[in-house]
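In the two complexes that follow, chain A is the common piece, with chain B as its partner first and chain C second.
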Partner chain A sequence: MSNTAPSVVGAKHWTVGRIARIVVMLLVAAAFILPIIGFIAMAFRSQEGVLAGTDGFLGLGGISWDNVVFSWSQINGFGPGGGGIFTRWVSNSLVIAVVGGVLALVAALPAGYALARLRFRGRKVMLFATLLAMVMPNTVLAIPLFLEVNAIGAVGELWPVAVIMGFFPFGTYLVYIHFMTTMPQELVEAARIDGLSEIATFFYVALPISKQVIALVAFFSFVANWTNFFLPLALLTSNQQNKTISIGIQELIGASPLFNATVAAGLDVKLYMPQLALATFLSMIPLLVVFLTAQRFLIRGQTVGAVKG
Partner chain B sequence: MSSPKLATKRTESPATAARASTTPRRHRTRHAEARGAWILLAPYLALFLVAAAIPIGYAFWIALQKAPTLVDPTSGFGGFDSFITVITDYRFSGTFINIFSVMIVWLPLMMLGIVGLALLVHASPGRFGSSMRFIYFIPGALSGIANFVLWVYLLHPTQSPLAPLWQEVGFGSLKEIVTDGNMPVILTGMLFFQGVGTWIIVVNGGLNGIPDEIFEAAKIDGASAWDLAWHIKLPLIRPWIGYAALMNLAYGFQLFLEPYLLRQISSGAIAGEWAPTQLGYAFAFTNRNFPAAAALSIILLVITLSIGVIIVMKSGLFGDDKEEKR
Partner chain C sequence: MKTKRFLSASAGVATIAAAALVLSGCSAGGGETAPDQTDSGGKITVWVDPPRVPAAEAFQEAHPEIEIDVVQIDGTVGGQTVKQAFANFDSAGSGWPDAIFFPSNDDIAWATGAASNYAADLTDLLPDVIDGYDPAVLSFCDIDGQIRCLRNDAAPDVFWYNKAFFDENGYTLPTTWEEYGSLAVEIAADHPGKISGFLGDAYAVNRYLQAADCPTNDRLSESEVHINLDDPNCVRANDLLAEMYDGDALTTQGIFDGDAAAAGVNLVMSPGAVWWGNYLFRDTWKIPAEQMSASAPLTWEGESSPTAGNEGGGLWGVSSHITGKQLENTLTFATFVATDPAWQVELSTGLPGYGPIQDAWLEKLAEDGYFADVASVQQAFKDAAAAVAPYSYMLYDTGAAWTETVSPTLIANGSMSDALGTFGEELVNRANSVGYTVTAE
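Moving on, here comes the complex of A and B:
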């Protein structure tokens, strides 16, 4: 077809429209990527260089490893009794995000399978509730969750946060879509004829073909747990040792002389922009690792349909 | 049978045919199937109760209690008093006006950005399009606090790469930049930057779901790239656009992190109870008025749940039939 009609749009002509499209897309890409490059560069700069304004384009001229070493000494020196609270926050986040993610998988895999491939009364209601919970912003529930955890006297402890994060309706939805699209009903019927129970069918037939969706659910729940802010803020602020990194960084911001000279004056460490950028950059590394690990499963992104904020 | 529509659509396999012929046995398998389903659902159901149903129910119950005060430390049934406390609070309407003032700027720009960039990406086949899509997604990875610190860096009047611009406009300190009047613009920047990439991928997924024959046919009829985007692609991805708009609308009602932290970096230039969620936070943690905090949560819950119901029922993206086909 393209042989007979070479003037079709998208052929290799540099039309005005084509040039405009590419220019617009490149400009937007630059607007998205340059701030991030500048921000990462900031993590490798020194406060002196930032103040002097001599680091050149996006501060790239001022980056050095020595700056990182110094900034880390400041970040790591933050906290009561000689510091070290930063690593504690990171490990709290790891515990919560991993435990929450494992719980999400344990719950979502069988539930999504049952919703997709078994017929029972209440299936539609469960599906509807899952979709509703999935599209609802999670911050709305933070105060009710705080009241609940407060009622059992567990505010300030990590485990309620991890358990709550284990409820991940988007994961259940992903699993549901997965079995709807990749597992024919005939397979379930065949397993039944072979005498497998419903539970055994899930474990021996459905689970082995679920590698892709396991990676997806693990990835999305880990990211959601890691970046969650309001829930840890409501449940963990009262216990500094049990804070997560997302609310920990808020504490670092609060201790920066850039924004709060009074608090900062009483501290041994100085947290200026390079230190805050480095702390943020470090807090992103687990996400980066998880992203790179899960990447090959994420490319087939049709089911990414409903990532919630 | 719980979903006859689904069952009839399925291709008749020997297994189902055999099952249908022996009714008593079929009855038993049905029963076993339902029991198996509930066993498989049990962990999810438990978490659903603990993390959603019980807290919502409990919040409702708390909201109907009387708040103990210093004068009258007893609590007890208070009816809708706490709802009245919340709605008549001098800050209540202001918090909603605040988020509406942001949404008026942010939502149109967001939708324009999502749809425009998704169409541009879709009009660029091959490596260029997919690498652009990837770049647009990168800021989305910096969600939450990381995105915020990045924006502190961008907004800082002397240390930002945009510093010359800020100084040109006459901003000398963060306190001058982070003001009530600038909140819609600042929040629009933050939310757009962090959110647009994910939604481009979502809408792009919708575009990729359109069969190529439709485009081929239009091209043969002499449609330009612009005609294609405006008259063919746009109407076909309407459900996705509606979905994105409503999800972002719901998201707007629960803004918390950004205004909360903007107050912190502006030495209090922004009110502590700028957004409805912040007001709820203040009721819970400053006033220790749990009934009022619960009542405000219920109000926000009703709003976002209503939006959620519209999304699920009306967007046409979550229908059973559609999933069955995919």
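Moving on, here comes the complex of A and C:
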């Protein structure tokens, strides 16, 4: 038996192959990271600096808080009645993303549990239907959903959008995989022997071991709701007060001199690249907050379904 | 047993899918019957792009008695979001705004098509307003003899030139397109770097081909269009552009390109819309005051009257799905935004399309003091409106076909004939793809 400490493979030998691997990995990492740094830096730059091209590597030499203050004044000045529409878009997105996420959880947890651990007629059909709905593109459903929402006179309202976003078959599938892999059938049977009803088993046995999948479903649902473009576009375009940030960003781009010079010419605010980058960056902040809040569970949850427990 | 269960499950899924398809099909089919006209009792909803929001707000201030919802829409020229929203409304049989500023002038093509039929015939609804327009200005709204929209602003091409440069070098202002071509080549030879036109933007097709009365957008009916780049009128435009391009007098850049300002300060003359003055020369390219001036549009040799293109100039539409007080209030809105000085003179940056208020707007040019010869510019603006050559907005995007073919072909060392040939093919393909029958005669 040897007393030497275990060594990391390749740690001591700087071979050509190892150096090449590290260089390739650094290049690949740089290809992803540098554009993101450049994009965030753009939000802190001025249009004058961008035009002059004197802001140095990735524009980092031209960043300042004053530029952000000015860019924000332009973004916040956009819209009818003296502006302020951007914050309205963000708050609307928060409402539908949170409500849609909660509804997705409320529906997905019992549905996924039932598909995984209960035996009932039509179970496999429902599982197939869940998978089918999961792979169906959003755009296919946009027009039928518009017609249904129109039939109840709710086009332009936020609540139908949130309710539809609560339909999240991917969440149901995640929960199904979670219970299939982390909750042995014997546990359910033991609960039944102890006299728990099916509902009580779900609440007292299944839910307490589901923190990770709850975080996973909440996170993925929030991201899907926040970035959903076609559904808000179809259902909310006709209501000035209820648009979301995903379609609002497109309106900002449409009013930029860079993409639509003649339209921008008639506007008091000027939305050049720094202003568009700032608006996009601000629209990402809620996603970052949710990700950072949930990351402890997300990293653990990555292995859901990987190993049968 | 497993096979039986699988078949059973598959049958169930198929039933669900079929039911979904039937339901969505039934719903979509429900919109095929044209709904009756509705009356809200007075409240109206208007859709405007961002620059037209002040028009709606000015209306609110002038008519507080009318309840109005103002919805700011995506103003992207050539965008599809408004068209898609209207397709949904058409399917549902409700939801249309009562009035709209169309983000693209091409939108009038689908808004008056049989499938949508959104834009109301204003001929008998607003006869007095229509009488105030020069027929050439309103020609874009004249669909099969019905006036289906109102022009917000007129955007005819005038002949812009750098008066300071002309005075300094003793050049004589051209009055014909042929003189323009010859002089452009002469100036380019005398002053290398000086240019006399831009080719790379979507409006270049209007500046040159529409001005030559070349049939790119010659609407014969809702489903038929006449396109023929071999027409003698197109050939004369081809000859003009080839002469200038070969003589280094034209740039393949477009007027909206990010680096167009560098070329713009070297522009000595060009046909261009009336809005070039303030928007391009003064605000974007920062050409010093008292240099630029304008004269009336040019004439083709052998013809007695000038012809010009048209670059933009927005359109207002009114819904055909409303009646009663709702329609009455919407017509009040349409009349206001098309004719009222509170918007058209005080706030709008474009030359009003409505004739009686053009003089008041032109007066502002004198107050601004930017142009070298204000009286000449004012007269040129007034003369240009009537010189605009016939042109119909279609379901295909002529400007996009131009930008995707002409400059790229020239940059790849193609000739002007190659470029216009490629453009013609692209135009026919686009027309065919949206359902037009294309005729060359």
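What we mean here is this: the second predicted complex is superposed on the first by the 279 of 309 C-alpha atoms of A that agree within 3 Å, B and C clash if a C-alpha of one lies under 4 Å from a C-alpha of the other, contacts with A are read in each partner's own complex, and residues count from 1 in each chain.
To be clear about the criterion, a residue touches a chain if its C-beta (ideal position, glycine included) is under 8 Å from a C-beta of that chain, and two chains touch if they have at least 3 such contacts.
Predicted model only: the values in this text are computed from it and were never measured.
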Worksheet entry | Superposed partners chain B and chain C on chain A - clash or fit | clash
Item to complete: Considering only touches as defined above, state whether A:N239 meets chain B (first), chain C (second), both or neither.
Response: second
Worksheet item: A:A129 contacts which: chain B (first), chain C (second), both, neither?
Response: both
Discussion item. Output check: A:I285 vs chain B and chain C. Expected answer is one of first, second, both, neither. What do you get?
Written reply: neither
Discussion item. Looking at A:R119, would you say it contacts chain B, chain C, both, or neither? Reply first, second, both or neither.
Written reply: first
Discussion item. Applying the document's definition of touch, where does A:N228 land relative to chain B and chain C: first, second, both, or neither?
Written reply: first
Worksheet item: With the two structures laid over each other on chain A, which partner does A:G254 touch: chain B (first), chain C (second), both, or neither?
Response: both
Practice prompt. Check whether A:L267 is in contact with chain B, with chain C, with both or with neither, and answer first, second, both or neither.
Written response: second
Worksheet item: On chain A, which partner touches more residues: chain B or chain C?
Response: B
Discussion item. Quick check for you: in the superposed arrangement, does A:P144 touch first (chain B), second (chain C), both or neither?
Written reply: both
Practice prompt. Could you point to the stretch of chain C, among 6-14, 60-68 or 78-86, that collides with chain B in the superposition?
Written response: 78-86
Worksheet item: For chain A, which residues lie in the overlap of the chain B contacts and the chain C contacts?
Response: 122, 124, 128-129, 132, 143-144, 146-148, 151, 234, 247, 250, 253-254, 258-260
Worksheet item: Quick one: in the complex, what on chain A touches chain C?
Response: 78-81, 85, 122, 124-125, 128-129, 132, 143-144, 146-148, 150-151, 155, 233-234, 237-240, 247, 250-251, 253-255, 258-267
Discussion item. Under the definition above, what is the set of chain C residues touching chain A in their complex?
Written reply: 5, 8-10, 12-13, 16-17, 20, 23-24, 27-28, 30-31, 45, 49-53, 56-57, 69-77, 79, 81, 84-85, 88, 91-92, 94-95, 97, 103, 256, 258, 275, 279, 283-284, 312, 348-349
Worksheet item: For the complex, which residues does chain A have touching chain B?
Response: 1, 5, 8-10, 17-18, 21-22, 24-26, 28-29, 32-36, 38-39, 42, 50, 53, 58-59, 103, 106-108, 110-111, 113-115, 118-124, 126-129, 131-133, 135-148, 151, 163-164, 166-167, 169, 172, 176-177, 180-181, 185-186, 189-190, 192-193, 197-199, 201-202, 223, 227-230, 234, 246-247, 249-250, 253-254, 258-260, 273, 276-277, 280, 283-284, 287-288, 291, 301-302, 304-309
Item to complete: Please give the residue numbers of chain B that touch chain A in the complex, ascending.
Response: 1-3, 6-7, 10, 13, 15-16, 19, 29-30, 32-41, 43-48, 50-52, 54-56, 58-59, 62, 117, 120-121, 123-125, 128, 132, 135-136, 138-139, 141-146, 149-150, 152-154, 156, 158-159, 161, 174, 193, 195, 197-198, 201-202, 205, 208-209, 216, 219-220, 223-226, 228, 243, 246-248, 250-251, 253-254, 256-257, 261, 264-267, 277, 280-281, 284-285, 290, 293-294, 296-297, 300-301, 304-305, 307-309, 311-312, 317-318, 320, 323-324, 326
